[in-house]
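Below you'll find a set of structures to go through.
Next come two complexes built around chain A: one with chain B, the other with chain C.
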Partner chain A sequence: MSNITNSLYDIGLLDDLARKKTFIHRIHPVMKLLTTIVYIVVLTSFEKHEVSAVLPFVFYPVFIISFAEIPVVPVLKRVLLVQPLIIGIGILNPLFDTYIVMLGNIAISRGWLTFLSILIKSSLVVMVSILLVATTGMDRVAVALRMLKIPKVFVLQLLLMYRYIWLLIEEGFRMAQAYSLRAPGQKGIKMNDLGSFLGQMLLRAFDRAQRVYQAMNLRGFTGEYNAGDVLKVRFRDVLYFVAWSLFFVIARIYNIAALIGALFTGVGR
Partner chain B sequence: MSYHKLEVRNLYFSYPDGHEAVKNVSFTIYHGESVGLIGANGAGKSTLLMLLVGLLLPDQGEVLVGDVRLTKKTLSAIRQRVGFVFQNPDDQLFMPTVYDDVAFGPRNYGLDEDEVKLRVERALEMVGIPHLRDRVPFRLSGGEKRVVAIASVLSMQPDILIMDEPTSALDPKSRRMVINLLKGFDHTKIIASHDLDMVLETCRRVIVLNEGEIAADGMAEEILRDKKLLESCGLEMPLSLQRCPVCGTSKKPL
Partner chain C sequence: MHMADALISPAVGGTMLAVTAGVTAYSAKKVQNDMDESKIPLMGVMGAFVFTAQMINFSIPGTGSSGHLGGGMLLAILLGPYAGFLTMASILLIQALFFGDGGLLAYGCNVFNLGFYTCFVAYPFIYKKFVRKGINPRNIFAGSMVSSVVGLQLGAFSVVVETLLSGKTELPFGQFLLFMLPIHLAIGVIEGLATAAIVTFIWKARPEILERAVVGETLRGVPIKKVMVGLAVVTVIVGGLLSWFASANPDGLEWSIERVAGTAELESASGIHRIFSEIQNRVAFLPDYGFKTVEDDTAGQPVEEDESSWPSVDAGTSVSGIVGGAITLVLAVILGWIINVSRKRKSKATKAVA
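Then we have the complex of A and B:
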């Protein structure tokens, strides 16, 4: 059951990464959050079959990964996790939208372009969200949300879910372990047992959550989450936000990929 | 005002399923006293502890901390003075780092960050783990977790410490470390445990619970030697007080 331990360690990975001290980590959480929001809004505002104009947006996550010393593979793995969902949403496009467009001298159905566009855009959105947490830490993201006047209830919901999820997973793994020891030569959990297994897990998770909540209450928790000192917004934090937002907007208006292509090939408009 | 005194008067509590967990319990614990709360499984120890900090509210009777009666209104002030260490440190530790976990209480009470830092450092120092401050709590060993849990309560500078099974599931070395820590604290302490040897070492007074009622309340040395009483309450004498199984001699003079 080595993968249990691995998974538990994996859960802490984003927290570990968030404790690094690169200049990206030091940028004010509110500014990083706002930059991410602008990124997502601008990126999702593209036409549905736009592919080449979206490409410059890869630059932002690449920039963060390299300057914040984030390992690529674990981040990509997490992005891959949501791919089935994205493919599920996008896969019908090639079937319904069979209008043919020419890409240079390759004929391609517009449905495939739309699909590709959805795939790229959503992967990037997921990736920058993960990177935001990995360079800021969920606590500080929560603090930033509070500073932006997001209601306490929502922020707490997010934060506690993030904190409790590993309790649930741990509980589930322990039960699965106990089950597998008493069910030799059997793969997985029998359908018949699954109902009571999941029910049991839910009840245990409730109990556990109850105790954690009590422990929090006893230490004076009143629903307001305090993550300690949050520094003031400095000029360079604002600069970071403004510069990136400018870049996103310019990349939205001008197709940078096509411009660079034109520059090198000399094929003008 | 001193919050060191803890008084319980005619406490009753039943769970919603009708099980009477605590029946007519009264006692007073004075400043600096160290009291062991012992009893078989299901004797009502944990319920009683939860009543003392208002995690449960009694059906009848009252709890007084200092001279303040525990009610919903006074809960916040009282919890600041009474530190509660959970049996399972995993229930208590949930922040990303040891530092944040120990700082959780002081931050909730609105202390400024310099004071929080001071308190966290002092608490970590007190339990001897300044080197763990940036570690992730759930990756620590059982003994380390326990000590962090204790530090996370000490940082609130409580007058009274309540501990539920502080030595359960610890290896002998960690157990010894926790016992030595407990002996070093001059807080008013209430320690619920089945580890009667630990109770004998850390507590001068013992309260025995049996089926929700107080079966005995007195000096640890006397009660823990009372074989008949202990056995009637589902307990047995601490190993250190039992006769040697090989030669039959008593280890400590009676």
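Then we have the complex of A and C:
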């Protein structure tokens, strides 16, 4: 049950953060979305054993967290929560790939390197997705999607869904709480009760959708979503996108970390 | 069953995104053509419902464990395949953006695995066959059960194929499959039970909802055959291009830079390396560390077997990789710290002025 309240808190937190007004927040949502996509594509295009070359990609999330005034701990917590899934699959790499490679004087199984690489990459990727919403907000993400020609129906119901998650989670939480108070010491809801429990919730959701639709009609809904101000792409938005993309591509081609290392250890070149 | 970005290659992710975009566009067109726009709030609220239902655990009889609803089949049954698919796609987008469950690159894969098979395979070819003879609890139960199991098995199979095509893990195909399919068989049975329970309840309480959903998805407008052919073509082109781009050249991005710049010389590695070695001569603070001898001792030594696919790991660059990586991380943290401090100072200053 804490699950439910936690996710409400998470969504609420990101919503609040998205209302800040730093220069990162003001960058055009389309450019931020594209930058995030370039970041993810470049990062995931690395060879599976690459570790040091991936590290310069830390700069992008650090940059956003710092300039957009995003608290680090909740974001890291979110990232850690997703890790078990990745670890579950990645941990098998050391089992299947036991070929030994040498790092200096240390012998290490190749599987551990690929595992480490996956772990770093997945953390960074999850982080930038969360940072995108935390600095943009769902409404503006939707504007970006519309500008990228994603179908209107999809974007519209995405936004409605996002709005109603709040109400339905609260309703679901109340119902689940009421149920658990009448069923002490029981884990979850009994299979026999499941149909009527979720079914009732579903009927309420249906009726709510009906009322919402009627209310929308009364306010002149024509199947169009108006996002408010039309955002223009300014030069600095494009610059932000181009500069970061350039950095990602350079960091992809040259192992910046190894170059820095070579600089200080005097080895390799 | 959400796939993560880190376990997927851009070629596979890109292909699946293109395919999913195609199915989404088609579904959106169908929803716009065939249905009244009252479906839009219904889809939104239903998406929120499934989102909530996924968090409510129920106990699985006979075992000590609990499970939750996935919702793909339920959405298809209650909204019809097109609206159901779009709703599933939004749920997955919100999960990816807000919770990091599945990523943006893997988004196409996830929508396809969880939405396409349930809405466009299991629903029309299995569930509808069962309830065609009449909607009653027995048919609903059988239809929900079989379609949920098949939908999830197809999805799990697809996860295995997509993961292996991406080549990020070392899992052998057979073992991965043997691991995924039985687990998803169990999950499918539970999903079937839950879906059947909810649909039966709805049918008893408000049968018109189910009837409306069945009526509301006649095939008008764009013929499905055309779409399927289009999808196949897109898959082959995008997948072929991307994988050729990734594999024919040792480094796709490098290659593309060469193409854009018109010459390989411009980006030639020796240039930056020469500059670096010059700077390095002046800056290196660990010049006599003696990694070079270590490198000479170990680099040429084949430890177990020789695999050409594995790039030669030489100790010297590995060590500089480790040192450089550490320095990179420290730099990043310092950067963040400096920005933070200067920002706080600034806001203090403005407060003082105010």
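Quick notes
Simple rule for what comes next: the second predicted complex is superposed on the first by the 201 of 269 C-alpha atoms of A that agree within 3 Å, B and C clash if a C-alpha of one lies under 4 Å from a C-alpha of the other, contacts with A are read in each partner's own complex, and residues count from 1 in each chain.
We take it that a contact is a pair of C-beta atoms (placed from the backbone, for glycine too) under 8 Å apart; a residue touches a chain by one contact, two chains touch by 3 or more.
These numbers come from a predicted model, not from an experiment.
Applying the stated contact rule after C-alpha superposition, one finds that A:147 touches neither chain B nor chain C.
Look at A:139: by the touch rule set out above, it reaches chain B but stays clear of chain C. In the superposed model, A:238 makes contact with neither chain B nor chain C. After overlaying the two complexes on the shared chain, residue contacts for A:97 are found with chain C alone; chain B is out of touch.
In the superposition on chain A, A:36 makes contact with chain C only, while chain B stays out of contact range. Looking at the shared chain after the overlay, A:12 reaches chain B, while chain C stays out of its contact range. A simple residue count on chain A separates chain B from chain C, and the partner touching more is C. Once the two complexes are overlaid on the shared chain, A:220 sits against chain B while remaining clear of chain C.
In the superposition on chain A, A:163 contacts both chain B and chain C. In the superposition on chain A, chain A positions 138, 163-164, 167, 208, 212, 216, 221 are in contact with chain B in one complex as well as with chain C in the other. Chain B meets chain A in the complex at residues 50, 53, 55, 76, 79-80, 84, 86, 88, 90-92, 94-97, 100, 103-105, 107-109, 113, 116, 134, 136, 138-139, 152-153, 156.
On the chain A side of its complex with chain B, the touching residues are 8-9, 12, 15-16, 18-19, 137-139, 163-164, 166-167, 208, 211-212, 214-222, 224, 226-229.
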